[in-house]
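Naming follows writing order (A, B, C and D), and every chain is counted from residue 1.
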Amino acid sequence: MPPATSPSAARLPTPLRGVVPPLCTPLTPTGDVDTRSLRALVEHQLVAGVHGLFAVGSTGETAHLSDARRRTTIRTVAEAVAGRVPVLAGVVDTSTARVLDQARAAADAGADALVATAPFYATTHPLETADHFRRVRDGVDLPLFAYDIPASVHTKLAARTVLTLAADGTLAGLKDSSGDLGALRRLLVELRAQGSLDTFSVLTGSELTVDGALLAGAHGVVPGLGNVDPAGYLRVYEAATAGRWDDAAEEQDRLAALFGVIEAGTAAGTGAGTGTGAAPGMSTGASALGAFKAALHLLGLIDCPATAAPQTPLNEEAVRSVHTALQRAGLL
Amino acid sequence: MPPATSPSAARLPTPLRGVVPPLCTPLTPTGDVDTRSLRALVEHQLVAGVHGLFAVGSTGETAHLSDARRRTTIRTVAEAVAGRVPVLAGVVDTSTARVLDQARAAADAGADALVATAPFYATTHPLETADHFRRVRDGVDLPLFAYDIPASVHTKLAARTVLTLAADGTLAGLKDSSGDLGALRRLLVELRAQGSLDTFSVLTGSELTVDGALLAGAHGVVPGLGNVDPAGYLRVYEAATAGRWDDAAEEQDRLAALFGVIEAGTAAGTGAGTGTGAAPGMSTGASALGAFKAALHLLGLIDCPATAAPQTPLNEEAVRSVHTALQRAGLL
Amino acid sequence: MPPATSPSAARLPTPLRGVVPPLCTPLTPTGDVDTRSLRALVEHQLVAGVHGLFAVGSTGETAHLSDARRRTTIRTVAEAVAGRVPVLAGVVDTSTARVLDQARAAADAGADALVATAPFYATTHPLETADHFRRVRDGVDLPLFAYDIPASVHTKLAARTVLTLAADGTLAGLKDSSGDLGALRRLLVELRAQGSLDTFSVLTGSELTVDGALLAGAHGVVPGLGNVDPAGYLRVYEAATAGRWDDAAEEQDRLAALFGVIEAGTAAGTGAGTGTGAAPGMSTGASALGAFKAALHLLGLIDCPATAAPQTPLNEEAVRSVHTALQRAGLL
Amino acid sequence: MPPATSPSAARLPTPLRGVVPPLCTPLTPTGDVDTRSLRALVEHQLVAGVHGLFAVGSTGETAHLSDARRRTTIRTVAEAVAGRVPVLAGVVDTSTARVLDQARAAADAGADALVATAPFYATTHPLETADHFRRVRDGVDLPLFAYDIPASVHTKLAARTVLTLAADGTLAGLKDSSGDLGALRRLLVELRAQGSLDTFSVLTGSELTVDGALLAGAHGVVPGLGNVDPAGYLRVYEAATAGRWDDAAEEQDRLAALFGVIEAGTAAGTGAGTGTGAAPGMSTGASALGAFKAALHLLGLIDCPATAAPQTPLNEEAVRSVHTALQRAGLL
């Protein structure tokens, strides 16, 4: 187990609570990290009052970033934040040895905590996954969050794995992007029963059900849409912590309507939109991340809305639909 | 469109709200429907105050029941209920012509409303699925609910399909057993925006997140665990409708702990339990339904805990773990 | 175990070998079984020299047929065949009790052997699946084939289950529509090792790799495309049994090119075809079965190319592409 | 497009044909690349007469190897081969920018050709995947093979993508590990129709159906089991190219029986084997790769049978079953 007095751990509240947006990674037209825009985005988030930031996660297009660009991103965020809130960094790679290399680089770049998935590409067994997290935690002296994201990793973390690694201190928390709030409820009940909830942080990545997740006892949220509207998520969180659940739900409803922008790209030209062109041929991820970046660009926060190759960019019709959605949500 | 004055439709509130348990189907040791136990179970539910009952759904082992036993079950439930609450009946079959046959039989047996899935076994397209629901609704003069259960059907209902069929009156409601509360949130927001929520009933089948679903605007819940503890789900519902969300969450937590019984069978002898025997070799469904029935038997509500063939029965260790869970939940 | 002298079993060669097309079910414009066209299709197959026929399988749209239409289909085929070749009948339903009802009806309608899948809709465990096949076999005195079709059933039959049920005589054979020729190869090697291959019939449903399956030791093929071109599959089979493997492969190549018709519907209007209209909105199954039926109609074998509701019909562009494919294959 | 005269391309036959084993990566007990054993394994393969070698593919545990160990592996293989056969190198990573970094490193380490999958972890669309391959090919002057491995990547390469990239010269070939020989047959027919088969190499990764794949027109095979028994695969290939298909099938049958070793780990202690201990808790991949390495160790080819962390190692019972399988196959 790591010493409780490590400087980074000291920077991370136990448990971490609140709104921790997974930052988009602004890029230049040639695909480099646009550090100026990234710093502006960080400042926008801190002004809104977020409780932490998550760099180079899935929303940060980590799968599409080279190691050099991942490092630049983490370093830029850590320097811009300057200790005001904890900076979590994704260490996404296929298995233990590679994740350890990512983890060492992230620590060196200034991360306060790490967020790792189970192994992917190769098959894995829950006992192997547990061993993976133990090895990553032992290799780098930073608090470690498990990242449960079956849409990308194609396995779901077993509840028993999380319970064991919460109890023995391997994990500092969980970022649950499984979308399975029922499984999360059971996990929260079991974590509470074993006395882990005072130290182990449960964050939901499901940005459409933050009110319900907080009602179920989650500590916070990592909302991709929080890039675009951090203030909205802070209102949900504050209403929830004040017990004003109907207010929380009303604000969550507004955000759920805004979340429709993620289909801006895939709907454009398909007849689901208003256009008449051919369907654009893009992945759901490219549509969602393209829409978030188009929104940030329309809001004047980043210089260029480009997503990383090989993601198909939004077309003009799609960008117009993002513009309309921002107006409806009262953001433009 | 059906006439608004049909007697059955009159028996169904618009929209249907509250707790509508999906009844287990008690069986005799030889696999026939145990109508005496079924009537006792119905009465237990009505005494607890449920707002409706759902017969021959997935929890009712409909996949394992012959047509004759399905009919006996619906007729027995309808007669026992005697109009006190609406009786919904599952009409689960692979495609339109077969579902129509099921629907006619269910109507004849006394159902007040029907619950149909999208086609399964053969592939289907959202436009074909919409056509399917329209043909079923046109063929039988009873309100029709769509049953979204990807774990069984292997497709998820498209939001656009539900929105269209809610707007044109084909569907009276949705039973959402997808477990995807985020998608349900978006759907609720869009149903509200198009003015459907006053007539179209949204019921969640996710028994672990009823508080969150009601907070998001769902009208009610179809909880399998409600067979065992209907009073618990009524307390969740009543607290939620009274705005006492923390009470709702606390009761939901108690139910979430009890829900662990569904693993009684699969965990027995695997080392996850306390036994030393070999793992029993049963499906997750057989474990869950076996545990519900073991609980009903231990509570004295049904005469025989058997599930239908070919489901492996719970072994003694598993039944003991159900007994322990009932004691912990304060039901024994 | 059934008596070896049962009349039906006597009609079934042990093991069954050769080409056993899964018959399309011709329908009238109103969706009834077109028994006249069905008899013509049967005669066309027998003239071509097929070794058996498989009625109301997936290609026969069994999922979309009512019980009454399934019975009519089996009876019509059995009467038209009049004992010249064995008639296998699908008994597709969700679980044991329902499959038993299907099996009794199929036996009564004149089937010589039954083809059943593992349970679907509800979850199943390999031991439950084995119990399922045993109960079906015990309930009806006809040889039983296991139907491995994960695309529909969403589980793959475990090799151990097949090996056990082949050894103890529960199963007379396997129709493998899994598309996994590697798994089939291992199964064939193990069946041979345990001495089952002289009595247990292994038929592949993969119509694009019949040469390879026969080379691996399979006894025959159940080719959907055999509705359209039975002579082609007979040439593949005859070349293979004569050891003329290059001839078998060449004919299989011709059939593989013709098989492209299955995308006639889904490609029409998408830009993959030559048209400019919108994509038709149909399932892959509706496209494939619509194309087979369009071909049978263009060949003058059936009166109406309609598929069962709710499948979207082929549009004119799609039918033209089927026409072109038949010309290229030398069938028109 | 790269110049046809590039030295590396010159080293790669057009199309590449024959047996190209995906090398296991021998490790030391501490997880470093055991370069001595790796050179011995290479020599064993060359003596057997293989037509090429594939380094750091899935069988080479690439997902579990750090960048440094990937480079060491490729360099060691390239130096040991010394131009006698072409060396293909896997460049497995989540998306374009990262694959390009892998590709540059592989080229620098001496690879003659590269093997890349579609993007994974993030979602992708066929047009984005095509763009991905074009960017990788443009970035590094080496022939590029597409690696279709849905078990790891969770999408299957679209036939149209392969056909387009074969026609325009982006791809030099395909390594098909999809297990879908039917789809491969259709692809081969279409590649032949567009005149690509003389330059575009189709290699199957399905080691149980090499005879069928060659009969269907594939150029060669990349068999994981070829690490253990390269001579067997060469016999299959030679019999097939000589038209002695029954000999090819017989040898393939022997290899299919030997292939059962991949379950050595997962079967040990489960009751499927002969032991009585608990099931070992390992992934199917760890079992398969552990068995291949145990076999290489038992054959005296590598010094240590360890697989990379976090894969659970084979237990003694599992190793004994590998030993027995080698004896039965006549290799020990």
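In this text, a residue touches a chain if its C-beta (ideal position, glycine included) is under 8 Å from a C-beta of that chain, and two chains touch if they have at least 3 such contacts.
Being a predicted model, the structure only gives us computed values, none of them experimental.
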item: Given chain C and chain D, the chains that contact each of them; value: none
item: Copies chain B and chain A - interface residue numbers shared by over half, same or different; value: same
item: Distance between the centres, which are taken as Cα means, of chain B and chain A, whole angstrom; value: 34
item: Centroid spacing, where centroids are CA-atom means, of chain B and chain D in whole angstrom; value: 48
item: Residues of chain D engaged with two or more neighbouring chains; value: none
item: Chain-chain contacts as defined at top; value: A-B, A-D, B-C, C-D
item: Complex interface listing, chain B residues touching chain A; value: 160, 179-183, 185-186, 188-189, 192-193, 206-209, 211-213, 215-217, 243, 245-246, 248-249, 252-253, 256-257, 259-260, 272
item: Contact set on chain D toward chain A in their complex; value: 31, 58, 61, 63-67, 69, 92-98, 100-101, 119-129, 131-132, 135, 151-154, 281-286, 308-312
